[in-house]
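Both complexes shown next keep chain A, but they swap its partner, so chain B is in the first and chain C is in the second.
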Partner chain A sequence: MHDANTKNGLFTPGNIITGIILAVGAVITFIRFTQGIGAVSNLSDNNPWGIWIGFDLLCGVALAAGGYVTSASCYLFGMKRYHSAVRPAITTAFLGYFFVVVALHYDLGHPLRLPYPLVLSQGTTSLLFEVGLCVATYLTVLFVEWSPAALEWLGLRKIRNVVVKLTIMLTIFGVVLSTLHQSSLGALFLIAPGKLHPLWYSSFLPVFFFVSSMVAGLSMVIFEGTLAHAGLHHKMDETHLKEAEGVIFGFGKAASFVLAGYFFIKTMDIAMDNDWAYLGTGFGAWFLVEMFGFVALPSFLYALGVREKNVTLVRIASINAVLGIVMNRFNVSLVAFNWNLPAADRYFPHWMEIGVSVFIVTLIITVYRFIATRMPVLYEHPDYKDAH
Partner chain B sequence: MNRRRFLTLLGTAGVSTAMSAVGAKKAVAAGNQSFKGYKDSYGVLHDTTRCIGCRKCEQGCNEVNKLPAPKVKFDDLTVLEKSRRTDSNNWTVVNKYNVAGLDHPVFRKQQCNHCLEPACASACFVKAFTKNPDGSVTYDGSLCVGCRYCMIACPFNVPAFQYEEAFDPLIQKCTMCHPRIQEGKLPGCVEACPKEALTFGKREDLLRIARDRIRNNPGRYQDHVYGELEMGGTAWMYVSGAPFEAVGQQEMGTKSAPEYTAGALGAVPMVVGIWPVLLTGAYAISKRKEKVAAEEREEAVQAALAKARDDAAKAMDTALAKAAKEKDAAVTREVKKAIEQAEQAFEEKFAALRAEGQSAESGDDGEGKEDA
Partner chain C sequence: MEIHTLHEFMLHTKNITYLLMGATLVGFVCYWLFLTGRDKKIRKY
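Up next, the complex of A and B:
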């Protein structure tokens, strides 16, 4: 990763790749909005939701859970030693949610009507309504939570001080809203028991989605920390660098425990629904890969890494866990969804759908770099030391 | 009983009657009751033993709903060789099933089943779907955001989307010819069917007809009316000679779609109500811990300070005492020294005088002088 701000010119390899992705993304965007969803996707009547929902929405929201996880542990549960991790986590969460909403515009037939459920006709019996309401509210909360970074950068001390006073209330809002919409994303599939494979379908889907979002949040803080250290090390202040190791081990330990609990409740669910027989099938094998390779294994790696004080191992575990979250969301929304349909009617994404997702991720990274190289995210603003 | 007392009693009775009426109405909503559909709503009974797969219903649907002309003409029956589903231009399709143990194929028509409690309407976050009192489920495209959650939710895979439409893509599905029913006409497909495989009527009557057919024709039908209870009941119902699974009709369970999501939706106000309390509690605990820790730290510091002060005072006292002692000792020593010196000086002087006297005694009377 190259810093866009350094003096060695704009044409660094990182910037060139970024530029190409952004250009291709712009072309696909043009096609999508002039010729329709059918022109750029393999979505069909049987498969109305593809990776724009499975990855951009479900994974995007889950992986942005670092915001509520970190701010809650620091401000509500009194773990002040994670303070330096809060700003980067809130920043990525805000960007994550913002771009989830941006990505949603590609998937919606009438993107401009996105505010309809909020202002025109409230479909309160729909879990998607709950998701929409919570995501819209939480995006606002995240924006306010994140704004001190921008306000310090702009030197607007008065507004900044007012916002900082709201921290505790905003954090509580954030946890309530996250509990609701993280779980509701799982609950979206409750209405389709006949379409989702029994190993993944459960009346506890909302609980599974919420619990695994904590894993996603904890792991993403570690994983993003790894990336930021690689590319933006020079932007970090002494406190951030000093606390970074504590964050890695503290969050790693928490993730290990949550993953173990998640493994346990998932197993209990198989027992409650008596789905054991399915484990012998092809889908069963795939389910076991998810459970052992991407739940049990990262839990173990985290535990080992924390015990041995091995930063690299914890980082590997975080990648393992993040991949596990992506895998789970893909399984629920795509792989195990419509499992009854013949192979010919199943969905595989069009390259332009993947192109849009890559475009969105690149946008997030680019904007994060812009913010982190300018605003006090990875360091405390010298004028506002210990003020928050 | 006087008049006033009578009126009071009357009034009380009236209020309590009114209260119980309101109460009873509310209790229905919260009680152990289920919605069995609008009374006198319509439906259609599809008898697959009568269907010959002529596709006239598809044509009828296409014409009355003014759908785009088909790529393959409706009298071309070769399309039946491939399994099809409803799409944005075809709101109903007939499929052919070769069922094991039967010497002839079975044809089954599919379209929207018009659930009594529709999954699509329950899933729609802008209330674009309406379950009408006539039994039909209709859709208002002017509200639709195009999220396609209705398509995810529909257990029968009915709603279709206009993926090729760039600017106004909408959901398309059978309306049970709601506008025609309002005019007193039959749905297009029912009117077009030459074999009376489709019967339009009140749902309750259709159920009775279906049961009569099953009872009066032993061996001809499966003993089941598909749609009577499936997904909480549907307006379109089916009787079949072949097992329903064999003609592509999955077992559904009898729960209506909203029952699957009611629990999760009901948890929302619980989370909103209790989470802030618990979280504020967690905050208060951590804050209190910090405060106690700070107080303890302060106390410890104070204690240490006090001890240091005490120690210092003690040391000072000792030092002072020692100093006083030393001073005394020094004074004594000095006095002693002075006395000693004085004594010594006296001795020396005395010795000198004595020596002088002795020498004078030898000359004049030195010794006597001294004695005096």
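Up next, the complex of A and C:
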């Protein structure tokens, strides 16, 4: 009987699909690191950055912003009513950043040379150096911020108590480092004014990336909360369930206002650069879809959901906003990049590039499930009740 | 409008931007009132 249950538990449709994706991903990884980047990608001199940068890195970092947004609102702004959202957000952020670094290896191809920019050859005038330094430091900060969950699970009370005392300092570090590298990811594209379409190119790209990262963080906390409620409801304690609605409406309200601000600064940018004429072109139509369908619409849906106290509407708005962030990063790094090249020279990802991205996302979900089902992430450990 | 000099360009773009800014400032107040219109009033007196 026990064996039969175990078999049923292991060979569920979800686990089988996960297993297949992980197996295919392992094969592609082997090909990438034995036969080179050309064997698995359509990258070229014209398009050296594909979806591994556009999706895994740019979207990964933006969508992991929930960590700094939630911990700052709880510990720096004193909004303790969001406390139950901090651990899930920090866990997602930590995993997000960790797998951003893992995904970066597929592009770089020399895992052992990853520390080179830090210890051997510092390019102090390069934005990439700043991004690398920030991501390395912030990943360390996130690991320490997340570690109390693991330490409570392992029963290492003394170390856990020391780490918890560092919370405020780590939160400040997190906000400072995120401000730096979220904006620098946008600043990377400042070097290519001739390659990026004028509707997306702006000297304010760093500001756009930073402001939209706040929206991404707020929306991801709501979105992942929705997923967690669907799949891991039984792991949530009473406090978590009680505070969930407050988190949804509070973060929804903030996301609505920040999205409105983002819409207006983007409009100002069009006016400042006198790009109105481009709105009448094909790229202009696509830009308007992004601005109205994935910035203005989620902002309005959030506002309506918060006003009407409609949880479902806020959740729909969060999905809309997350898709908007992904769309924006894709537009900047892929769709509007090299827009003036002939169609034959434009980039379209190889199926194995998409396979690697799916592999990375599946790994994040698998590890998150492992952590959330074992460690006190969605509930408070009984030995540490009110010990935060 | 034909633009020949940087001065004309700046004049044209700044004119539009300043008008948009004015509209945005009013728009933001209205949006905030819409967003928080049904919140419970917290009396501090």
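Miscellaneous remarks
Going forward, the second predicted complex is superposed on the first by the 378 of 388 C-alpha atoms of A that agree within 3 Å, B and C clash if a C-alpha of one lies under 4 Å from a C-alpha of the other, contacts with A are read in each partner's own complex, and residues count from 1 in each chain.
We take it that contacts are C-beta pairs under 8 Å (C-beta built on N, C-alpha and C of every residue); 3 or more make two chains touch, one makes a residue touch a chain.
Note that the structure is a prediction, hence the values are computed from the model and not measured.
Shared-chain residue A:Ala244: touches no atom of chain B or chain C. Of the two partner chains placed around the shared chain by superposition, neither chain B nor chain C is touched by A:Val326. Contacts of A:Gly78 after superposition on the shared chain: chain B is touched, whereas chain C is not.
Looking at the shared chain after the overlay, A:Phe264 reaches chain C, while chain B stays out of its contact range. Once the two complexes are laid over each other on the shared chain, residue contacts for A:Phe33 go to chain B alone; chain C is not touched. In the superposition on chain A, the chain among chain B and chain C reaching more residues of chain A is B.
Once the two complexes are overlaid on the shared chain, A:Gln122 sits against chain B while remaining clear of chain C. Contact with chain C, but none with chain B, is seen for A:Asp273 once the two complexes are overlaid on the shared chain. Residue overlap on chain A between the chain B contacts of one complex and the chain C contacts of the other is empty.
Looking at the complex, you find that chain B touches chain A at residues 85-88, 119, 121-128, 143-149, 151-153, 155, 157, 159-170, 250, 252-253, 257-258, 260-261, 263-265, 267-268, 271-272, 275-276, 279-280, 282-283, 285-287, 289-290.
Residue ranges on chain C touching chain A, taken from their complex, read 3, 9, 12-13, 16-17, 20-21, 24, 27-28, 31-32, 34-38. Every residue of chain A that touches chain C in the complex is listed here, in rising order: 253, 256-257, 260-261, 264, 267-268, 271-274, 303, 306-309.
Taken together, the chain A residues at the contact with chain B in this complex read 33-39, 41, 43-46, 48-49, 72, 75-78, 107-111, 113-114, 116-117, 120-123, 125-130, 132, 168, 171-172, 175-176, 179-180, 183-184, 187-195, 203, 206, 340.
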